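Two complexes are shown next, each including chain A; its partner changes from chain B in the first to chain C in the second.
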Partner chain A sequence: MAQDDLLLDVSDLSVAFKTKKGMAAAVRGMSLRVARGESVAIVGESGSGKSVSSLALLGLLPKSAQITGSAKFDGEELVGMSQNDLRAIRGKRISMIFQDPMTAFNPVFTIGDQIAEAMEVHGTAEGDKALMEAANLLELVGVPEPGQRVNQYPHEFSGGMRQRAMIAMAIANKPDLLIADEPTTALDVTIQAQVMEVLSDIRKESGAAMILITHDLGVVAGSADRVQVMYGGRVFERGTTNDVFYDPLNPYTRGLLRSMPRVDAIGERLVPISGSPPSILNMPPGCAFGPRCDFRTDACVADAASLELVKPGHESRCHHTADLPAYEAVETLT
Partner chain B sequence: MNAPLLEVDDLVTHFPIRAGLFRKVIGQVHAVDGVSITVNERETVGVVGESGCGKTTFGRSLLRLVEPTSGSVKFRGEPVTGASNDRLRELRAEMQIVFQDPYASLNPRMPVNDIIAEPLRIQGTAKAPAQARVSELLEAVGLLPEHGNRYPHEFSGGQRQRIGIARALALNPSLIVLDEPVSALDVSVQAQVINLLDDLQEEFDLAYLFIAHDLSVVRHISDRVAVMYLGRVAEIADSNSLYERPAHPYTHSLLSAVPIADPIVERERKRIVLQGDIPSPASPPSGCRFRTRCPIAVERCANEVPVLQELAPGHQVACHFPIAPGESLVDLVGSAS
Partner chain C sequence: MFIFALRRLFAAIPVFLVATFATFWGTSEVVDPTDNLATCQNCSQAAYDRIIELYELDKPVPARYASWLGDFATGDMGSATSQGERPVSEIFWERGRNTLLLALPAFGLLMILGTATGIYSALRQYSKGDYAITSISYLGLAMPTFFFGLLLQVVFAIWVPKYLGIKPFWSSGMHLESPLQFVRSVTLPVMTLMFVLLAGDSRFIRAAVLDIKSADYIRTARAKGVSERKVISKHLFRNAMIPAVTVWSLNASALLGGSIITETIFSWPGFGRLVIDALFAGDLDLTMAIVFAIIFLVIMFNLLADLLYGVLDPRIRYD
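Up next is the complex of A and B:
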């Protein structure tokens, strides 16, 4: 990507928490580049650091978090930025869509007031005009009868409607970057389809870039330009969505893809990954995936491989990239 | 064919809505509203549906963990509904349940040995044979017997679900109701538990009633599948017919909404995006319950309740206008995206 297209450039980002049981390294040297208008998915299981890394960017972690490394947003360094300066960026140029729309809204203010507040704080609109704009935004994300809905409280909204309202709030100030953290995980499939459609339409219109954080590879397949797979706080594989799904290089990515039953495939026996994801308090030495990997050798225990460019635009972190067998996808009906 | 293991006929479970000083009943939540299903020996029947469709209440009503309002449940021909408490306890040895949340369903103050031995204790097994059985069960679900004196918090989510399964197996049941047994687990761990369930079914001749919202998992594990919507069965068929030749518009929409982990397939798919939300089960729509969201609903759907009709042997659908095999709802109404 051209340098001036680069919107977000995260390099060597690490986040550790001080706990009673010692230091917990949640993110370990993560990098991420997002171009303007691009959609990048971060995929990982619990404890992979996928959510913590984006919270760190926005300064939303508690004080016990120790953040090092660099995250440049449009040339400005976010790591170490004062809360005051961050506040000017948060909700204005970068906004976040959270998983649980119930806890993300304040129950004692109307939805309209909360969307209007997001605009007032950043001086985009004031008073009645902000409230009118809030109704327009609700209409844009497909909330029926926005004129009345704008005066309702969060508990009067269903889960899917609340998630739409949160998207409306997130786009109120026309941000350059949306961070969606498991935006549909709490929703039913038919509602998930609605919300993903709204997100895609909104992005088409506004040209905002998106970081989509999720564990659902199906959601990624339909909506991301590029994917980065995280495990144990590190990026394990990164590439275009097609490359990662059709030619996964990393044993972990392959394991993930193979272990998922597909709705368009017949019931062959699944190929699970053995064991469970590591605890961030107790990371295995060397490669974090080592204890669960079929290809583990002494080299993997001795030290973690680095993320290397294997093919143009396609990186993987594995000592055995060169000697892995060719990837065989699950057979499907179509 | 032999008589079915479980026979559910017109099961209804309503919950009263109470309000006011005297807790007066002001309405009913129609959680399960006339569901009939059979489960044969060694068979897996999947029950899918979105939140609020009554699938969990249905599972619990079968074991009378929630008391059904009307209808009958027969296990090996014997009525479960109406059985005395003593007889019910005996019947429950044959019908067990595994819950969704492996964190909430295990007592945090009990070591795993005691958790798994509890059903044995309740049924009056002596301590020594019970302990031997616990070790056997731990091994059967892929845990180490020596870890039996640990507490639930020392295990990962996947391991806890294995403990829940071991507890359900303790009394040698013939039927296990699995209520979203893998949805709380990480993707990489889900497959382990699904394979374990497959193996145990083979080994112990189990029948499963597999309740889940994930259509991919249900397809993988089930012989037959029932799709529920607002307390009723919309469609029921063997797994392949249901997924390859769905007839109910709701089944079509559900299948078209499931994301597939294949970028090209996913980008090129035509998709029905259902409008609106599931109506409240406290005041379900008249006639066909799906009509408020159905893209092909007409007036008749509001006036007349569709009954389950047989389209092909074993394939039943509750719709006035079932979609023919090979036809797609997307083509009928035009694609939404």
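Up next is the complex of A and C:
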């Protein structure tokens, strides 16, 4: 990608939390590049650091978090930026869509008020005009009868409608970057598809870039240009969505894909990854995935591999990239 | 909302009847108005008969209760035998006003200080300020009212005059000659009344705000770019008001019913002392009037709190 197309350039980002049991390293040297208008998915299990890294960008982590590294947004360094300056970016140039629409709206204010507030805070629109604009936004994301809905409270909305309202709120100031943190996890499967469609329509129209944080590979397949897979606070694999899905180079990514339902394998058992993700307080030595990996050797315990470019635009973090068996591409349920 | 209020008031009638009957029955069983005559040498049989007739002691308790209820419903609260046959209504309003003089300042301060310390403690959790407020709260919860009242008296009526040569507050009695005297006489009883309640309020609101401050919608507000001040004064505060109303309604009925201990320690002629005096003197009409007042206050403040929930929390609507 050309340098002036680069919207977000995160390099060597680390986040650690001070706890009673010592420092907990949630994100360890993460990098991420997002071009204007591009959609990048961050995939990983719970505790892989995917949410924490995005909250760190916006300075939304509690004070106990120690953030190091660099995150340049449109040339401006976000790490270490004052809360005042960050506030001008939040909701205006970078917006977040949160996981659980049930709890992400304030129960005592109307949906319209809360969308209007996003505009008023940044001086985009005021008072009645902001409320009118809120109704327009609700219409845009497919909420029926927006004129009435705008005066309703969150509890009067269904889950799917609330997530649409959340998207409306996120795009109120026409941001350059949307961060969607598990936007469909709390929704029914049928509603998930609708919400993802709304997101993709909105992006087509506004040209906003998106970071899609999810553990659901099915959601990724339909909506991301590039994917980066995270595990134990590190990037394990990164490439175009096609490359990662059809030619995964990392044992962890392969494990993830094998554990997904497939249309061409109905009746066969799914293969789970054995074991569970490591605690961020007690990372295994060397490769974080080592204890769960079929290809583990002494080298994996001795030290962690670095993220290396294996093919053009396709990186992987593994000592055994060269000697992994060929991967049989499969159709996944999307 | 009006229909809801009306329905709640009607629902309060059985509560009122059961509570007043229970009190009437209990008091009648314990108190015998003829007791005083047993030791009286000069009293005649006629005096005895007069008391029997006055209190309808020849009739069963339910009949006596019905007779009291009939009088009460027509606005006749009877007369207080222990207070020289003064009409109960007269004593009732006089003592009620005195209790209000303590209860209102205490309630106002409670609302402000309870909310302020609770919110401060929660926002600065585990800071020195939070530890200080928490420690004082536990002290307030652990210390009996009578002890705290006496402590204030010792400090402000004995030690301060002795060592500093001034007496800033009255430690006993009600002084209403001037606003200054009023303030001097209510300060110590108000502090005593407030201390225990404030400790509870502060802890309760702290816990509520701790929940709210880590709520998802607070993070959403921050992610929108809302300033920290507005996140607290708008998003957090409006939600904190809901649990605050709960404690305030409990405080209000507790304070307005009068405090037996505080009023006794500070010789304050309010409701609390009246009810004890009336009970000890076996003054049935007076006891019943005060019991009615307390039931009425509890029911009204519960209703008021429920109506306020409806205003503050859109998830609660009464149609």
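Operating definition for what follows: the second predicted complex is superposed on the first by the 326 of 334 C-alpha atoms of A that agree within 3 Å, B and C clash if a C-alpha of one lies under 4 Å from a C-alpha of the other, contacts with A are read in each partner's own complex, and residues count from 1 in each chain.
One rule holds for everything that comes next: contacts are C-beta pairs under 8 Å (C-beta built on N, C-alpha and C of every residue); 3 or more make two chains touch, one makes a residue touch a chain.
Quick caveat: nothing in here was measured; it's all calculated off a predicted structure.
By the document's definition of touching, of the two partners only chain C reaches A:Leu60; chain B does not.
Contact with chain C, but none with chain B, is seen for A:Gly91 once the two complexes are overlaid on the shared chain. Within the superposed three-chain model, A:Leu309 lies out of touch with both chain B and chain C [touch as defined at top]. Contacts of A:Asp100 after superposition on the shared chain: chain C is touched, whereas chain B is not. In the superposition on chain A, A:Gly255 contacts chain B only, with no contact to chain C. A count of residues in chain A touched by chain B and by chain C gives the higher number to B. In the overlay built on the shared chain, the residue A:Ser158 is in contact with chain B alone; chain C does not reach it. Contacts of A:Ala221 after superposition on the shared chain: chain B is touched, whereas chain C is not.
When the two complexes are overlaid on their common chain A, residue A:Met23 makes contact with neither chain B nor chain C. Judged by the touch definition given at the top, the superposed model places A:Glu117 against chain C, while chain B stays out of reach.
Comparing which residues of chain A touch chain B with which touch chain C, the overlap is empty.
The touching residues of chain B, when paired with chain A in their complex, are 50-51, 156-159, 186-192, 194-195, 198, 213, 215-217, 219-221, 239-240, 243-244, 253-267, 271, 273-278, 336-337.
By the touch criterion given at the top, residues 58, 60, 83, 87-92, 95-96, 98, 100, 103-110, 117-118, 121-122, 153, 155, 169 of chain A touch chain C in their complex. Contact residues on chain C toward chain A in their complex (touch as defined above): 215-217, 219-228, 235, 238-239, 242, 312-315. Every residue of chain A that touches chain B in the complex is listed here, in rising order: 45-46, 144, 158-161, 188-194, 196-197, 215-222, 241-242, 245-246, 255-257, 259-264, 266-267, 269-274, 276-277, 292, 332-334.
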